[in-house]
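Just below sit the structures, each encoded as structure tokens.
Next come two complexes, and both contain chain A; in the first it sits with chain B, in the second with chain C.
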Partner chain A sequence: MRGALVTVLALAAVAAVAGSWLAPYDPAAQDLALGAAGPSAAHWLGTDDLGRDVLSRLLAGAGSALFWPVLVALGTTALSTSLGLLAGYRLGWVDALMMRIIDLAIAMPGMLVLIVVVGVLGGGYGWAVLAMAVLFTPGDIRVIRSLTLAQRGLAYAEAARTLGLRPARVMFRHLLPNLAPTVVANALLSFVAALVSLAGLSFLGIGLPAGTPDWGLMVEENRGLLDLNPWAALAPVILITLVATAATLLGDRLFETLSEGGAR
Partner chain B sequence: MAVLTLLARRLAAALVLLGVLSALTFGLLAASPGGPEQVLLGSRPSTAETRAAIRAEYHLDDPFPVRYARWLGDAVRGDFGVSIYSREPVTDVIADRMPVTASLAGYALLLTVAVGVPLGLVAAMRRGGALDQGITLAALVTLAIPPFALSILLLYGFAVALGWFPVFGAGETPLDRIVHLTLPAIALAGAQTAMVVRQMRAAALDLAGQDFLTFARARGLPRRRIWLGYALRNAALPVLTVGGLLLAANLTGSLFVEQAFGLHGLGALLIGAIGQKDIPVVQALVLLGGAIVVAVNLLIDLAYLAVDPRVRHGAVTS
Partner chain C sequence: MTSPTMRAAAAALLFLSVTACAGSAQKSGGAGRDTLVWASGAAPNSLDIAHGFNGASTTIQMAVLDTMVTLDDRGVPAPALAASWTQPDPASYEFTLREGVKFTDGSALTADDAAYSLRRHLDPAVASQAASYFTTVKKVEAVGADKVRVTLNRPNPAFLAVAAVAWQVVPRKLAEAHPKDLGSPEVGTIGTGPFKVAKFSLTSGTVLERNDAYWGPKPALRRIEIKSITDAETLRMAVRSGEVDGTDGLNARDARKWTGLPGVTTFFYPSNNIAYLSMAVGAGPLKDVHVRRAIAHAVDRAALTNLMTAGHGGPATAMLPHPQLTAVYGDAVPAFPDQPLDLAAAKAELAKSAYPDGFTLSVPYATGGDSATAMQAVAADLAKIGIKIVLEPNPGDKYMARMMAHDRLAIQYVDLAYGTPDPIEVLPDMISRGAAEPQGFNFSGYGSADLDARLDTFASATGEARKTQLTGLLTEIAEQVPYVPLFYTDNAVALSDRFTATFGTWRFNYLTLVRPASGS
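Moving on to the complex of A and B:
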């Protein structure tokens, strides 16, 4: 099971890195005589209504479809882990202030805010990535903080403090390794959420200019072709679902495996 | 007394949230490039006077705090202004689109509860068995499928390939509407049902080790009676907590589902209004979304108070 999950994600990563070279055709090249054709030997997944090769566009779009979610996951995880550790370890006013803001942020209808922010400001994925980092971080901070609270009273943390180690060292060298399962699971969940949200934004026609080879945008542009060449819309849908499912299941398994060997 | 304090605190927090949300959207829309005069004039040639007249009509030259205060004052009295695009009162525009979204959300909620609760309970009863593993895996996979992807898959499978359901629109007669909204409701309910199944299963398993269930078993009560009569009632509490999450998922999910199935509901209205920079409509819809989330969370708190005496007597501070 885990082998299959890793294989799916590895293949996706290869497509993301080398997609443009692997593409059999120029993803923007149009062949109007061959519009909305079904799969053939020349075009394995057929063409869209402008005669562009679906497989080539999928491969060319893999890079942006996966790169930005990875960026969001890394940013969110780094931010939420350090802030959560800080709040849970230091407590006091830092913690009280942070928790107030987080309560407010979590109660916000996140996707609604994201759609309005990106829809109004426009300009590709830049704002979307920033907005998602802000929206995803609060929930993760809360989780990390509550785990830190549980760890800081344990004997090894007391010992580290008694030795007179600097707080940063106690937090990152002693407490952090014990939070690893959650941090890894959080990172994968953020990746999935970002992947799905970005594809969803493109599907709503928000964020990216028309014609960009992008999985979400392909679904939106080709959903009218479901009767002529269904693969033009189904292939990106299946890819998004496959990558999201694989990352979710892998996060689930990793969390269980890592926690078994951990302190709990 | 504890109840009143709790309610007062929740109410204050709700007001702060709505204030922040409205100030945020208002500021965002005010700062965005291309104001209402561009929407109204389009590419038509315009004189400086017409531009000035439009700016005066929408009070665009006032400072930001003044404009926000004026909007807020009107909104509190139920006046959300006039849509820049259609020139109709925003409340009328929203009331016009409400029925489609409301019936879609209600249908999806019905499916979620009718399918999710029994499946979660069955999975817990058959813990570790093939049925449990199947349900758990299916729930995890469904949770990972975004609503728009599920919409397209359902649309292709049941509307285009099999032809069982219509591809487009919301239908005219009540029966027609149910047929039209079935696929969209399933697409919307998918992830929510998965969430309920997981929560229900976890809650029921959590209870399985409790003394009162062991006692019920020891008395020789039938398994059905133990699970439905004793476990289900107690498992309802944590499941209630997901209610808020479900609603948020319902709100945003319907945006995608409406887009995929060509339904003219509130989601489609929001997407259109964002594209047209129709500030009053976007503003009202965001506030409506926030207000619904806040109201449901308050209702859930009240339900907790009603269902669980421990919360009422302040033994548990939630």
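Moving on to the complex of A and C:
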């Protein structure tokens, strides 16, 4: 099972890196005379209404579809782990202030904030990614903080403090390895959430310009072609679902494995 | 379940709900043989043309409110509430009201009602959206019990045609009491038309019932239920499932998807519209006429026409809707200067400009509509001559607001439908300096004092002089290329086989044209 999950994600990663090179056609090349056509020997997944090869756009779109969620996941993980450790370890006013800010942030409707940032204020896609990383962070900070609270009272943490180690060393060298299962699982789940949310934004027509090969945008642009070439819309939906499911299940598996390893 | 897991699940749910929203529709069902369930592609906002001059609203208005005159099948003004009219001099009309006409509240139609119904469009307090149709109207007065005299600033051959669209007659008492909110769900409206309003809600739809006291032919339908379904696929599914009997919310471009629906007939008929590229001539590369000509040469208009009309339309040869061209020229439409598809000629024109190697231009477009598709095709064509178009996505409302504010105009894809067969309805929108101001439709900004004077002359010209004036104006547009005419599309209506109708370009009251099919 784990092999299959890793295979799916590895194939997605290959497509993200080399998709444009693997694509049989220029993903932007139009053939208006051809229009939306079903699968054929020349176009395995058919074409969209501008006559563009769907398979080529899927391959070229993997980069956009996966790169940004990875960036969100890395940003969210780095930020939430640092701040969660800090709040849970230092306690006092640092913790109180951070928790009140997080209360406020969690109360904000994330998707609406994103739509405002990208759609109404005219921010580019980069702003959406940055906003998403910030919006995803508060929940993770709480999780890491609560785990840190549990860890900081354990004997090994007490011993580290008694030895006079600096707080940063205690947090990142001693506490963090024991939080690794949750951090890794969180990172994968952040990736999934970002993948689906960014696809949702693209589906709403917000963010990426028309014509950009991107899975979410392909769903939006091609959903009217269900009768003419259903693969133009279904294929990106299937890929988003497949990658999201694989990443979620792999996150669970990794959490269990790392937790068991820690317990041993 | 950890909180990130819940977050991932919530995000997945959100994505699914967003896609599902596009496919959801409420089931109404249960309609009888003489009840039509109609869906519009947009929500109506007012039953008063002064505040709801848009397709979804006027469709309902035309079923409820009569105009003083109407257009016949050829687009020629014909009697409606005015049984006849005379033209004592070129700048005045005297209308004689039809006898015995009553509003649906039982009150008799008077000349005062008719006169006030036009005069209110000139009142700044009303802020009528149809005011631009009546800028030549100087005075409107009731003359006796059954006559209305309209005096114009100058002769205007298009007056009767615009009156057929926008001079809807309502009781003076009601309109005077509600200058701003006549036609709103709270106030509603009262007319003399074939139907009366039983319910009007911005959210839950509209219900019309037959006006049994209608002065004209009795409508075949007893009741019309109107809902709005803004998503094209949801609309198609609603018609396919039988939840909706008919709609005008389909796009000719989607003809292939509609014509195969079982139990549904799709009607196509000529529309009074034109799609074009507008190029802002005020600054930047587009200020250079050679750049504009290069763009015109580079755009594959035949392919774009095929893509956007799916065979239900045709290429536009001049900057006027096809019915307006034929209304003036008949079958002898002159050949205007053209920039046919020719990449070598496009490059040669570009070489004459200050941008021989091309340039990059940011172009806003509305997401989720025709402009996204059309502009992608245009961008691909222009890339072949070194012009790089960077498409800037905008939500539809924001895009429209930007366009109407004339904010950072560049190359815009525009598709406009008009109401009358007279070119004077269109040309000032295209080339007058007044329309080049914010809220005007001259998105190119092309205009001059000389053009304004020629438009004035054209507005009151008749006969051969009118043709000559029009030819001169269209020739200048074709040579200076502030616009690239692209195509015109047919109107399309899908109707359950339980109903039938005969539609036409100038028959705006098409809800009243629908009747049960024989044998259904």
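We take it that the second predicted complex is superposed on the first by the 259 of 264 C-alpha atoms of A that agree within 3 Å, B and C clash if a C-alpha of one lies under 4 Å from a C-alpha of the other, contacts with A are read in each partner's own complex, and residues count from 1 in each chain.
The criterion applied here is as follows: a residue touches a chain if its C-beta (ideal position, glycine included) is under 8 Å from a C-beta of that chain, and two chains touch if they have at least 3 such contacts.
Computed from a predicted structure; not experimentally measured.
Enquirer: Should the superposition on chain A be reported as showing a clash between chain B and chain C, or a fit?
Expert: With chain A aligned, chain B runs into chain C, so clash.
Enquirer: Looking at the overlay, does A:Leu249 come into contact with chain B only (first), chain C only (second), both, or neither?
Expert: In the superposition, A:Leu249 contacts chain B only.
Enquirer: Pick one for A:Leu208: touches chain B only (first), chain C only (second), both, or neither.
Expert: second
Enquirer: In the superposed arrangement, which partner chain does A:Val116 touch: chain B (first), chain C (second), both, or neither?
Expert: first
Enquirer: A:Asp103 contacts which: chain B (first), chain C (second), both, neither?
Expert: first
Enquirer: With the two complexes superposed on chain A, say which partner A:Gly200 touches: chain B (first), chain C (second), both, or neither.
Expert: Both partners.
Enquirer: Which partner does A:Pro177 contact after superposing on A: first (chain B), second (chain C), both, neither?
Expert: neither
Enquirer: Mind working out whether A:Gly126 is in touch with chain B, chain C, both or neither, as first, second, both or neither?
Expert: Neither: A:Gly126 stays clear of chain B and chain C.
Enquirer: With both complexes superposed on chain A, which partner does A:Leu234 reach: first (chain B), second (chain C), both or neither?
Expert: first
Enquirer: Now for A:Asn186: first (chain B), second (chain C), both, or neither, which partner does it touch?
Expert: second
Enquirer: For chain C, sort through 37-45, 181-189 or 433-441 and name the stretch that clashes with chain B after the overlay.
Expert: That would be 433-441, the only stretch with clashing C-alpha atoms.
Enquirer: Take the contacts of chain A with chain B and those with chain C, and give the residues found in both.
Expert: 111, 119-120, 192, 196, 199-200, 203-206, 219-220, 223, 226-227, 237, 240, 244, 248
Enquirer: Taking the complex as given, what residues does chain A use to touch chain B?
Expert: Listed in rising order, the residues are 103-104, 107-113, 115-117, 119-121, 192, 196, 199-200, 203-206, 216, 219-220, 223, 226-227, 230, 233-234, 237, 240-241, 244-245, 247-249, 252.
Enquirer: Taking the touch rule as given, give the residues of chain B at its contact with chain A in the complex, in rising order.
Expert: 13, 16-17, 20-21, 24-25, 28-29, 32, 140-141, 143-149, 152-153, 155-156, 160-161, 248, 251-252, 255-256, 259-260, 270-271, 274-275, 277, 282, 286, 289-290, 293-294, 297
Enquirer: State the interface residues of chain A toward chain C in the complex, per the touch definition above.
Expert: 28, 30, 32-33, 35, 49-50, 111, 119-120, 136, 139-140, 142-143, 182, 185-186, 189-190, 192-194, 196-197, 199-200, 203-211, 219-221, 223-224, 226-228, 237, 240, 244, 248
Enquirer: Per the contact definition, I'd like the list of chain C residues that touch chain A in the complex.
Expert: Per the touch definition, chain C meets chain A at residues 2-5, 7-8, 10-12, 14-15, 18-19, 22, 232-233, 254, 256-257, 260, 300, 303-304, 306-307, 365, 367-368, 372-373, 375-377, 379-380, 390-393, 395, 398.
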